[in-house]
Amino acid sequence: MYERGWALGTSGNFSVVVSRRPLRLAITASSVAKGALSAADILECDERGRVVGRRAGKPSAETLLHVEIARRRRAGAVLHTHSVWSTMLSGQAGQVAPAGQAGLVIEGYEMLKGLDGVTSHEHREFVPVLDNDQDMTRLARRVGETLEQHPDAHAFLLRRHGLYTWGATLADAERHIEILEFLFETIGRTQALVGAVAVPRG
Amino acid sequence: MYERGWALGTSGNFSVVVSRRPLRLAITASSVAKGALSAADILECDERGRVVGRRAGKPSAETLLHVEIARRRRAGAVLHTHSVWSTMLSGQAGQVAPAGQAGLVIEGYEMLKGLDGVTSHEHREFVPVLDNDQDMTRLARRVGETLEQHPDAHAFLLRRHGLYTWGATLADAERHIEILEFLFETIGRTQALVGAVAVPRG
Amino acid sequence: MYERGWALGTSGNFSVVVSRRPLRLAITASSVAKGALSAADILECDERGRVVGRRAGKPSAETLLHVEIARRRRAGAVLHTHSVWSTMLSGQAGQVAPAGQAGLVIEGYEMLKGLDGVTSHEHREFVPVLDNDQDMTRLARRVGETLEQHPDAHAFLLRRHGLYTWGATLADAERHIEILEFLFETIGRTQALVGAVAVPRG
Amino acid sequence: MYERGWALGTSGNFSVVVSRRPLRLAITASSVAKGALSAADILECDERGRVVGRRAGKPSAETLLHVEIARRRRAGAVLHTHSVWSTMLSGQAGQVAPAGQAGLVIEGYEMLKGLDGVTSHEHREFVPVLDNDQDMTRLARRVGETLEQHPDAHAFLLRRHGLYTWGATLADAERHIEILEFLFETIGRTQALVGAVAVPRG
């Protein structure tokens, strides 16, 4: 993901569920350059985002979002990338819908079939876009609400911040990242071609 | 192809003819992430797309398209990539021609000389675009018809799905992939520059 | 940086402070192809940009800029890349502000938090743009003035030439490069989408 | 060059002068996929483009262009790449100047200093654009005439075909490729931003 430019600098963070009861996540430490990530930069945290286990350190600032997703989706892995295209699409001005959830609608692409449970390109995927926030408790609560309101969503975007997706296994979550980043690039480039931006509402 | 972003997630599938009579293809298994492809993910199938040989498994959902191409073009290898540019070009709204086959016309590019039998940039290549379909029996039949109607075509596109091309050998098919993906990117970027889309009819 | 296309040909130059008193920099030699950089191409220079130490040679033509930054920012490393997007953004015609410093304003992006001391995406970063100049004594003086006038700036651009940034350590400076190049690409692509260029003044 | 997408398929060809009197070039064989290039694909040819030396084979179809450049510029290496951006820029419709040589003018970029003998970004580089032609004897003659008419040119473009540049050494020629491909990408992307194409005449 670093090589593709989806996790430059210290951006992006990644977790895997190592125990369900009690909930334990292996997660990347805070402020680690993803181009220099090593095993020592992976910490274990509990369901409140506190570090547990042998290794000390500060887990990713966004640990509470990972916990929220792991709990509500029973995900085995949660991945957050920070690509140019997801930053651009999530930041488009018109995307805040007054009466409802802002987001992207994606349909008609064969690539959608790589999302868990999707069997046809005629599938309509809604990717919620949440406003970015530095208050992680508040943002985690909004993430939780969004996941409940959109039970079929495979991912969400933080505005001008990037993509969160997940899967039953790490491989499933990786596949979702590749598929969604592909779709964002395709949609972004198509907008540049047609010179018109369609802004769907959830 | 994975590194170039032409086979992200589980997209793309690849086959080589290992026997002509009876027809036998070595083909990538269904739902394999192309970034993690290993020898164990290559299955052998017969002319009806059924797995034969030592290794069990489910061959690519699009196996019948590979069989159709291998038979009608006497190809030694069939490759399907799923790039951003082929997805975009195949999906342009105006491309359904009422009286005939939708498609792209490509001419005037030196790169065309990399296609089998082409000796000048003045060559006019027609790349048919077929509507995407999850019914593989029906889609294979339409692929067969299209190949017969356009005997000079080196490739076709599935709408918002990607590229199919082939060659006498795997190396020939790989060269066709690189050349066509180059041309799609060039045509797509040129459209963005000139702000106008020419929609040829077959 | 070479692989990402940020230091093609002989473009780009890089230094690390190896001694503070007296000031000594390890810096890339002049006219070295960055794709073929080896340890022998790193020279040691003093605070006037003259080569000192064991290895003879000609240090980067822009050594005085590195010295100026190392002194005024107390930086441990200074990195200069030369990407397509920084060349484009720095060269936009309208960017010379008659009454003040030309530059780019970047705000609202989560990625800004990778800059030293920045804790929120609501941060407003001003990246000064200086006219390019082959007179390095004069340009170093203007760089020094600009650094004094914009004490919060993490970087500056030379017009149609590229990016200078720095950090307390080499890793910090590398992170700044990745973050700023990401932001330049994002802003450049966004301009292409919206078809409008906002030209902020310092 | 293959990895950067500048020599996909069988496109591109490369030579080095191994003897000046008589003139002998080591040159890539015809129709070799550049992603699979090996030492056995390098042939030796004379000043008429005929294979000489131990290894038999067919040298690049464009061998006569290499010979012409090696002779008239006394180049030690000649490189031809075939990138998306050089294909696009060389193909812009308005570029045929009725009274003179078609071409691109590039000036104001620091990157120009990587061209042999150029010492300032204020340098004005003219890159002639020649119509593509499959008649290599005729095209070689026109290349020779163009080199004489533009003695300061470091390169030329074949329309919708790609870039030729050269240098005293292979390293010099490689640097020229990287610098010119960078400039073509920068100019092409800038056109997409400003939505206007300036068409200079030689």
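To keep things simple, chains are lettered A, B, C and D as they appear, and every chain counts its residues starting from 1.
The rule is short, and it goes like this: contacts are C-beta pairs under 8 Å (C-beta built on N, C-alpha and C of every residue); 3 or more make two chains touch, one makes a residue touch a chain.
Being a predicted model, the structure only gives us computed values, none of them experimental.
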Next on the checklist: Taking only the C-alpha atoms, how many degrees of rotation bring chain A onto chain B, rounded to the nearest 5?
Outcome noted: 90
Checklist entry - So which chain is the furthest away from chain C, centre to centre on CA atoms? => result B
Item to check | Interchain centroid distance [CA atoms averaged], chain B/chain D, Å | outcome: 32
Next on the checklist: Rounded to a whole Å, what is the gap between the Cα centroids of chain B and chain C?
Outcome noted: 45
Item to check | For chain C, residues that touch 2 or more chains besides their own | outcome: 192, 195
Checklist entry - Linking chains that touch, what shape results: line, ring, star, complete or other? => result ring
Checklist outcome for this item: chain D residues touching chain B in their complex are 5, 8-11, 33, 35-36, 82, 84, 87-88, 91, 132, 134, 158, 160-162, 188, 191-192, 195, 197
Next on the checklist: Taking the touch rule as given, give the residues of chain D at its contact with chain C in the complex, in rising order.
Outcome noted: 4, 108-111, 113-114, 119-122, 171, 174-176, 178-179, 181-182, 185-186, 189-190, 192-193, 195
